[in-house]
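There are structures below to look over.
The following pair of complexes shares a single chain, chain A, combined with chain B in the former and chain C in the latter.
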Partner chain A sequence: MSKPTSLFVIFFSLFVMSEAVFEDQVGKFDWRQQYVGKTLFAHFDSHSQSSKKLFLATDKNIFASFNSRTGELFWRHVDKAGPEGTIDILLLHGQDALMVVGGGRLLRSWDTNMGGLNWEAVLDTGSFQAACFVAMQDTVKHVAVLKKAGTVRHWFSYLVYSGGEEEVYVLGVVPNSHLTIIAYSLEDGEIIKQRSVEAPWLSSVESSCVVVGHGVLMCVDTATLALYALPIQAEEAPQFNQILLQSLDLEVSPGFQPVLVSSQPHPARSPISEFFLQLGPDHHVLLQLNADGYTIAPLRDFQPAFLVSFSTTGEKTVAAVMTPKNETSDVFPPQLYVHAFLKKDDSVGYRVLVQTQDHALTFIQQPGRVVWTREEALADVVTMEMVDLPLTGTQAELEGEFGKKADGLFPMVLKRLSSQVILLQAWLAHLWKLFYEARKPHGQVKNEVTIETLSRDEFNLQKMMVMVTASGKLFGIDSKSGSILWKHYLENVQPNAVFKLIVQRTTAHFPHPPQCTLLIKDKDTGLASLHVFNPIFGRKSHIAPPALPRPILQSLLLPVIDQDYAKVLLLVDDQYKVTAFPSTKNVLQQLQEMASSIFFYLIRSDQGNLSGFRLRKDLSTERIWEVVLPTEVQKIVAVNGKRPNEHVHSQGRVMGDRSVLYKYLNPNLLAVVTESTDAHPERAFVGVFLVDGVTGRIIHEAVQRKARGPVHFVHSENWVVYEYWNTKSRRNEFSVLELFEGTELYNSTVFSSLDRPHLPQVLQQTYIFPSPITTMEATLTEKGITSRHLLVGLPSGAILSLPKMFLDPRRPEVVTEHSREENLIPYAPEMPIRTEWFINYNQTVARVKGIYTAPSGLESTCLVVAYGLDIYQTRVYPSKQFDVLKDDYDYVLISSVLFALFFATMISKRLAQVKLLNRAWR
Partner chain B sequence: MAPPGGQGGGAVSTRGAGARRMKWALELSLGNARGRGDRQSNQGDVMYPIGYSDKSVPDTSIQETDKNLVEKRCWDVALGPLKQIPMNLFIMYMSGNTISIFPIMMVCMMAWRPIQALMSMSATFKLLENSNQQWLQGLAYSVGNLLGSALAIYKCQSMGLLPTHSSDWLAFIEPPQRMEIMGGGMVL
Partner chain C sequence: MASVSRSFLLLSIIPTILILCADFACCNTGRKTGDGLDTDFSGFSVPLEHSFEVDDVSRFRMRGALQLRGGRETSVSLSQSQLSEEDRNNLKEVAAVDGLYKIRVPRVSLTDRQTERQMDGYLTAFVRACSLVESHLSDVITLHTDVSGYLIGVSIVTIPGACRGTEVEDEVDLEAFNTTLTIIPPTNAPQPETALFIERMDIEHEKRGKPQEQKSFFAKYWMYIVPLVLFLMMSGAQDQSGVGAANGGGR
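Let's look at the complex of A and B:
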C-alpha cells in the first residue's frame, strides 16, 4: 500500500512544482549579455572588402568573432579556463585562423566564416615561444611554431622570422653575450646554417628587436642609446651596425625603455622598411631604413602620441598614430588595432579598434566617430548588489510632505492640496503621453531607459545592479533592460585587489541620496581605501571617507544608523582597532552605548584560526574566544553567516501530528567549511563546523570522510546545504544539515547567543547529484513566506532551480501517515535534474562564477542575476505567482461578463418593477 | 373556535327536504308544516328568530385539558434541540472527518443552528410565556442548544478545524529580537 501512495506523493509534488518558461515568455523579463574579456590578439577579416568580421582572442581563453558594424557577437569559443586553455598566439590568413593553445600544447585552425574547427594538432612537449606563418612563392602553406623543450639551448628570448624564402630563421639570445641565428629548411626542417653574433648589450630579442625591410634585424639599446641593424640572411659572418640616436637628432625620455614597432603585411613578403621608435610615453618617431640596409632616415616626429600601429591594404600601408586630445584622459589605451581598406575612389580608409585600460573595446571609424563600445570588464564581475530605484518626483513629493515637520494647520492643508495638484498633473501628463504614443505606429515607440527617467515600478521589480569588476570599473546596470546606465573607472586599482561592496543607505530615506561604499584592499600592501558613491547615478559622494593608515582586516555593517539614516560601517585594522564610518558624534555615542553587544569574528585561513572579538567603549576590542583548527590536518576554505536581509516567516515546522518542531534560528551562526590537507582519496575529508560567532561555541560538526572539495555551500534559515566530491564512490553529493530547537522554544521573544544552554537537534541527509556544480545560492523573498529554492550553476552553463523540498533531512525512508500529512517526499538517494527546472532555458551562462538573489516587492518573486563570463538576469517564482494575475489572464472576458451581468441585473430589476406595478393595478 | 352564529347557518341549510333541490330556501310560513314526528325542539308554538338554534353553544372558556396541551406544546419546543442530537450524531458519523465541501457544510449547519437558536432566545421565551414551567423549559432549551453546539465543536475538533495545537498559532509567533550584533569574515 505504501508504494503506490509514495509514488502518488512524488507525482503530486512534482506536479505542483513543475515550472518552466513558456515560449512567449522568452526574453520577456530575462536578458543575457555575452562577454569575452580583455583582448590579447585582434585581427580584422581582410579576406573580402565588404567583410564585417573581427576576430579576437582574449585572456579568458576565448576566441570570438564580432560584427564590426554593431559590436555584436557572431560566435564565440570558450576554451578551458586556466593555463590549459590559454591562447598563446592568434594568426590570421585568409579564411584560416591559426591558434596555439595551452602553452604550446595544441595547434588549431578555425574556419573564420562559420567558426568551425578545421583541424587540431597536438604539438610536441615544450613551452611555447613564438610562431609565424611561412610562405613559399606567395602562397602561405606552413606555420612555424617555436617551442622550448627541456634544457637543450640556453636561450632566453626568441624570434621567428620568415621572409618569403624557403628558409625559416630562428633568433635566440644568450643575454648579454651573443645572438644566434639558425636557418631551417622548409622542406625537411634541417638546419641549413647557424651563426653567432656577438651582442653583449642585448638582453632580450623579443622586447627590443624587430625585423625591418629585407630581413634586417633592428634592435634598440637603452644603455648606449643606439640602434643596431643586422642583416639576418647575410652569407658571411654578419656584424651589428650601430647607429647612434644622437646622429638622428633623437632623444630618449629619461628612464624610458625605447620600443620598436614594425609591420610585415604579408607573410610571403618582407616587412616594410618603415618602422616606429618610441622614445617616451607619448613620443614616437617614424623612421625608414634606407635601401642599403645600414642607414636610417627619420620621416616624421609624433609628439604627443600614445599609440602607433601599421595597417596594410593592397600596396598601401597606413601608419595610425593616436594622440590625446586632453591631458586628463583617465583611461590609457594599451592596445590599438587598425584596419585599413581601399575605398572605391582608391583612397585609403581605416577603422580602428582600441582596447583601453578599463577593458573597454571601442571601434572608431575614420572621421573619429565611435561606432560601438563593448564593456569587456563585465566579463569579470567580482561582486554586486541590487539597489532599489528612487521614487518618481511626484511620489517623492508626497513622501517629502510626510517627512517634513508640521508647521501649522493651514500651511499643511495648502501643502497637501498643492501636492495633490501635482499628482493630478502628473497623471494627466501620463494619460496624454499614452494617448500620444498610441497614435504613433507601433515600431516607433521606444522605451529608452535613461538615468533621468529611472523610477521604481509598482512592484519594485526593476532595480539598479551595481557591479564591481576586477579591473576596478564600476557599472550601474538597469535590471529590466540590461543597459549600462553609468560606469566609473577607479584608477590605481591593483589587479589582485579585494573588493567588498556595502549598501549603507538605501533609497528609502528621501531626500537623502542612497549611498554605497566600496572597500578596496590592496593585497600587497594590505592598505585599504573606501570609494563612497551614489549607486543610482554612479557619482562619487562628497562625503569624505576616513583615512585608513593601517591595513584593514575586515569590515562590519551595523544596523545602527546615524542622523542621516546611513548605516554605520566598522573597519577593523590589523591592531584590532575599529574605525567607524560615518563617525559623527551621534554615531560614536550610539556605539558607546551598544559597544557591549557588538561582536565580530575574524578567520585567518593560513593559521587555521577563528577568533571572536567584542567591542569596547573606546573603540578598541578584546578577544573573547578563539578556535584553532590545526593547519596540518585541515584548512579553512570558506565561511558564511546568514544574509542580514533574510526574513524567516515561519518559526517552526508543522509535524504530522500537528505539533511544532521549532527551527533553531541563530542569527549569529557561522558555517565554516574545511578541507583536509591530505588529498589521498582514502584519507581526504571535508568538514563543516557550525560555530556561534558571538560565543565561539561549536554547535555542530559534520565530517564527510572520503570526500574532497571544492565545497559549495549555502547557509540560510536553519539549514546548511553543501556539495562535495565523494572520492570513494566517485560522484558528487549534496548534503543538508537542518537544526531544530525541539518542540518547545527556549525563549520566544529574544535571541541571545549568551543565553542558550541547549544545543539544537541536528538532522542530516545526503543525496547523489548527477552533475558537478560551479556555484550555489538560495532564493530570497521579501517576507520569507514563499518556499525556498536553491539556484545551482552547472558547468554546462545552465542554472538549475532546485526546490529545497528535495533537500530535507526529514524525508522518510518509510512512508507513514504523518509524513504524508507533512507532504514529505519519500527519501530517494538520487537527486533528479529536470530540464524544466533550468531557469535560463537555452541561454547558457558560460563559466558561472556567482549567483546573486534579491527580493522584489512581490512576495512570490525573487530577482536572480548570474554572472561569470556572461551576465544573465531573470526572475524566479519558487511557489509560483500566487500574488499576481497570470500574463494571459483574460481581462476582456472577465470584464465583459461582469458588465453584462451588471446590466442584466439593472434591466431585470426594472422589468420586475414594471411587472409588480401591473399586477397591483389588475 | 367557530363563532356561535355559524350554527344558525347550519340550521337553515338543513331545513326541509325541498331544500335539497335548491341552493337555499327560507321558510316564512308560520304554520306547523312539520309532522309530529319531528324530534326537533321547534315543535312548540313559540316563534324563533331566523338563525335561532336552541342547541347549546360549546363552552369556549379555557379548561384544564387545554392547559395541559399548552404545557405539552411548550415542552415540545423546549426539548426540540435535544431531540435533534441523535440525528446530528448520525449525520456526523456519516459525513466522516475528511475536509470537503459537504462535511464542512454540515458542520456549519450544525454549528449555526444552535447559535441562531441561542441568539433568538427571547423569542422562544415569549413562546413559553404561558407555561408555568417556563424557566425549566428555557433551561432545557438552552442546554439542548448548548449540547448541539458542543457537538458541532467536537465535530470541528475531530475534523481538525479547531486551533487547539501549537502549530495553529505558529504563524503568529514573531521572530525573536536579536540581542547581539555580529559580523566579520575571513581576513581580506
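Let's look at the complex of A and C:
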C-alpha cells in the first residue's frame, strides 16, 4: 500500500470487471486482414529453384515477403509513414535485399530468408538519385548509390551504370545541352575520366535512355523521331549515332512519348542487346542492337501489347508481352513483373506478377492461370458503412404479407396459409440438408459465404461492410468471415478525391433493394459526382443520379422519404442552391411543405466562418445566422455532429439523493474544435465550441490553455470527449464535457432548438492519458441501454476499449454517501490503461486510421471495424452479454433439474392421491 | 475583471458544477429612450440592427446601440428606442406567417485599440418572430467573445421561447424591448487535478498508514502478552513444583 496508484487500481477493479477474450474465443468472431499497399518494386526469390518467396516494397513504406503459392504474407516490415520511410529502391541479390530508405537517408540490408535486418548504414546527406549493384569478376560486392548533394552539379537526371568492370559510370545531363559521362574507380571512388557529349535534344536521361548491349547508351527522341546510340566506355571522344525510326519502318503514335525497356540480368554482365521500344499506348517493338554497336535490327512487332518485361534464367531470357483480351478492359495494368525459371526438362517456365491500376496484385502461372489476387486497395480505406443483410426468401415472404395492404378477409387467410406452406417447405428443406450433411465426412462440409447464400442471421450480427478506398475501388465484405463478396472499380477518380458514403435506403424495405450513394468530390475544384449502387450486390443502380455542374459545399440526408422509401439527399452548391436526390414530384412536394423547418449549416474553415441556412419553398436558401472565428486567433480543425442512428435510452441520471439530473440531448448540437494559430507552448490553446446547428447559438465555449493538437474527439449523447497534447506538461490529456439541463426538463415531450431558452449546465473534467492516440470512436448499440465505451486506437496498433464511466465529469474528489450510491469512481488524475481492455489482444492493426461501430440486433453487442493498413473486425460487449446465454451454458443440468422436478411433482402428486384414498377408506 | 478571473480560478480548481460564468453587465429596460450614446466611460458603440420582413428578405434597420467596453473588464450595455407603430404591425404580420426576426452586430474587437476595431462582416442570429411577439418583446441577447476579445457570435432567445399562437392584444406590450444583455467570454477548461489528488492521497495515507506502521504487534498488545507470558511461566513453575510435590507425596 505504499503507492497511491496501486491502491486505486485495486479499488477500481471492484467496479469494472475484466473483459478480455478467453483463449478459445480467439478468432471466433473476429478476424484481421493485413495489407501492404501499392507495389513499387517487386522481386522474385531466384536464389533457389523451389523458393516460393516474393519480395515487395510498397508506397506505404512497407517491405514485405509473400508466399507466391498462396499470396499469404510471410513477414512485413512497416516503416515510418511519410517521406521519412519512403523506399527509394529495392535491389535483390542472392539472399540480400538492399534498400535505400527515406530519400537516400539510410541503406539497409535485409536477410530475405527470415526477414531480419543484416545491417544499416546512414548515408551522407543529399537526395537520392539512382543506385545499382557493382560486380567484379562475377561476384557482387558493392552497391553504388548516387545522391545529389548541395548545388554543385546542375544536372537534372542521372543514370548509374556498371558493366562488370572496375569502373562505375555516372551519366548526367544538362537539359538540351550536353551529356556528361564520369567514370569512377571502384577501389577508391576517384574519378578516372570525365567526358562531355553534345546532346541538345536530350532533356532527361532517366526517362528516355537505357543501356543495352556492351555499354551502349540508347536514347529515343520524340522531336526527331530517332534513336541515338552512344558507346559509354569508348576511349576516344564519343559521338551519338543517329538512327531514324523511319529507316526501321517504325511509326510513333501521335502525341505519344516513346519509351525504351531493356534488361541487365546480372550486375556482373552487360545488359542484353535486345530491347523494347514502345511506340504507342498499346504498341511495342522488340529491337536488337547488332554486334557492331551502331545498327539496329527489328525483331518483332507486338500490337496490341500493353506491358512488356524481360526475365532471365541461366542463359535464357524471356520477353513477356501482355496483350488485352478484350478492349473494354478497364483495369489497365501499370506494372508487370516476370520471373522465368528453367524447368526440369530445360524448357523455360515463368510466373508473372501484375499490379493493376486498382491496386490489385495478381499472380499468374504458366498456362495463364490466376493463382491468387490480393486487393491491396484495402490498405487505404477512406470510409465505410455497415448494411444489414437482406432477409431470406421465406422471411421476406412473411414480411411481405404484413407489409401489403389488407384486401379482404378471404385473400388474407389464403395468403397466410400459403406463406405457412412456404415456411413448412423451407423447414423441411433445412432438415433434409442437415441430414444430408451429417452423412458426409466432417471435413467436407463447407460453409462458404457467397453472394447467393447471404441472409440475415438471427441476431443481425452478420452485416455487409461497404468499404470505400482511396484508389476509388469499392468493396463489399462479409463481416463474419472477412471474404470479399463484390468489388467495383470506379474509373476517373482523382487521387485527391473526398468520399462520402450515404445509406439512402436500408434493407428493411422489401421488395425495394437497399441503396447506397457515394458522393465523390474533387478536393480542388469541389465538383462532385454521385455513384448509386446496391450495397449487397455492388451493382450500379439504374437510377440516374442528378447532374451536378456546380461545386458542392454540403450534403445532408433528410429523414424525408420518397414513395420508394429512399431517404432524400440534399446537395448544396456554391450558389446556395439545393439539389434533391431523388427528385421526384412527391419528394419536391414534401420538401416544399417542410421547407421552413429544414435548416443546415456550412463551415468555411479557411475563413473561420460558420453559417446557417434555411430552405425556402423554391429550394433556394436564406442565410439566417453567422458565427465568425477570426482566423488570426484560431483555425477550425474539426466539426462533428452526432450520429443520426444513435439512440439514448435514459433521459437523465438518477443521483444519490434520488433526484434526476436531466441530460441536454440536443440532436442539432455541433462540436467545433479549433487550434490557436500561435504555436508558442505558453500561448497555444485548443478551443471547443458547442454550437447549435439550427440557431447558431454558442451553447458553450471552452478554452484549453497550453494545449495543441492533433485533437481527437467524439461527440455523442450529451457529452464530448476530446484528447489533446499538453504543451506545458508534455503529455496527452483527455477531457470530457457533459451537458445537463438540470433537475427539471424545459419541455420533456419534444426537443426544439428554437424553443430552448436556457443554456445547459456544463460539467468538465480532465485526465492524463499515458499514451498518444491515433483515432477514437464510441460504441453504439441498438437501443442505447448498454453502457458506452470509447474505442481508442493507439499508435502501437492496439485498440483500447475504455469505459465511459472513467470519463465522467461527476467523478467526485471526495467520496461521499451520494457518490457511492451512484457508483461514481473517485477522481484520479491518471486514466489507467489495462491490457485486458485491448479488444484486439495481439492482433495489432498497423497504422489504425479509423474505427467504425455499428449496432447489432443484440442490445449488448456492438460491431467494431478498425481500419488502417490492416482491417480488423470484432464485437464488443460494453455491459457484458447480458442478453445472451454463455457458450458453456449447462443445458443438460438445467433440463435435467427441470425434468427431475417435473417427475418429482408427478410422483408426489400420485403418492398424495394414494394417501388421500387410503385415508378415505379408513 | 480581476475578481471575475479569481472566481474563474476557483471554479476551475473545484470542478464541482461548472456554472456557466457570465458577466452580467447591464440590463437596460430600453424604456429610457434618448440616452446619449457617448456617456462617461471610455467605451465605444456599435449598432445593433434588426430585420423582420414578410418575404424573409433581410433589410436591416437600426434597433439600438451597443455600448461596449473592452480591456480587463468587459462590459456591455444597450440603448434602444421603442418600436414604431409601423414596425409593430409589421412584426405582427411576420409573426403571423411564421417569419424570422433577425439581429446582427458588426464584428469588432473589444481589446484591440490601436488597429481598426471593426472588421468586415456581421454576426447574425435569429429568433422566430411569433415567439418574440408572444413573449412581449422580452429577449435575451448574448454576445460571445473569444480569448483575444473578438466578438465571435451573437445569440437571441426569448423567454418563454414557445409559439403557442396566443394573440397579443395590447399594443403597449409590443412597444419597448425588455432586453437582458450578457457578454460571455470563453470558459477555461480544467487541467488534471494532480496536486489535490496527491494531497488527498497523502492525508489518507497518513490516516491509515501511521499507526499501523509505527506500532508493531508486540508494541500494541504488550499489556496482554506480558501478563499472559507471566501467567504461563508462573503456572508452569507451579505445575512443575506441583508434580514434584505429588511425586514426593507418592514416595
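Keep in mind that, in the parts below, the second predicted complex is superposed on the first by the 883 of 922 C-alpha atoms of A that agree within 3 Å, B and C clash if a C-alpha of one lies under 4 Å from a C-alpha of the other, contacts with A are read in each partner's own complex, and residues count from 1 in each chain.
Basically, a contact is a pair of C-beta atoms (placed from the backbone, for glycine too) under 8 Å apart; a residue touches a chain by one contact, two chains touch by 3 or more.
For clarity, every value in this text was computed on a predicted model and none was experimentally measured.
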Between chain B (first) and chain C (second), which, if any, makes contact with A:V627: first, second, both or neither?
-> second
In the superposed arrangement, which partner chain does A:S605 touch: chain B (first), chain C (second), both, or neither?
-> first
So, does A:Q246 touch the first partner chain B, the second partner chain C, both, or neither?
-> neither
Check whether A:Y827 is in contact with chain B, with chain C, with both or with neither, and answer first, second, both or neither.
-> second
Between chain B (first) and chain C (second), which, if any, makes contact with A:L556: first, second, both or neither?
-> first
Which of chain B and chain C A:R756 touches, first, second, both or neither | second
Regarding the shared-chain residue A:S735, is it in contact with chain B (first), chain C (second), both, or neither?
-> second
Report for A:V648: first if it touches chain B alone, second if chain C alone, otherwise both or neither.
-> first
Both chain B and chain C touch chain A at residues 747, 754
Of all residues in chain C, those that touch chain A in their complex = 14-15, 17-20, 56, 58, 98, 100, 102, 104, 107, 119, 121-128, 131, 140, 142, 144, 146-148, 150, 152-153, 155, 157-163, 184, 186-194, 196-198, 200-201, 204-205, 208-209
Any idea which chain B residues touch chain A in the complex?
-> 160, 165-168, 170-171, 173-188
Chain C-touching residues of chain A, taken from the complex the two chains share | 1, 4, 7, 596, 611, 614, 616, 622-630, 633-634, 676, 685, 687-688, 691, 695-698, 700-705, 726, 733, 735, 747, 754-757, 759, 761-768, 809, 813-814, 827-830
Within their complex, state which residues of chain A touch chain B.
-> 498, 500, 519, 521, 528, 552-560, 570, 572, 594, 597-605, 636, 638-639, 641, 647-652, 654-655, 658-660, 665, 667-668, 693-694, 743, 745, 747-754
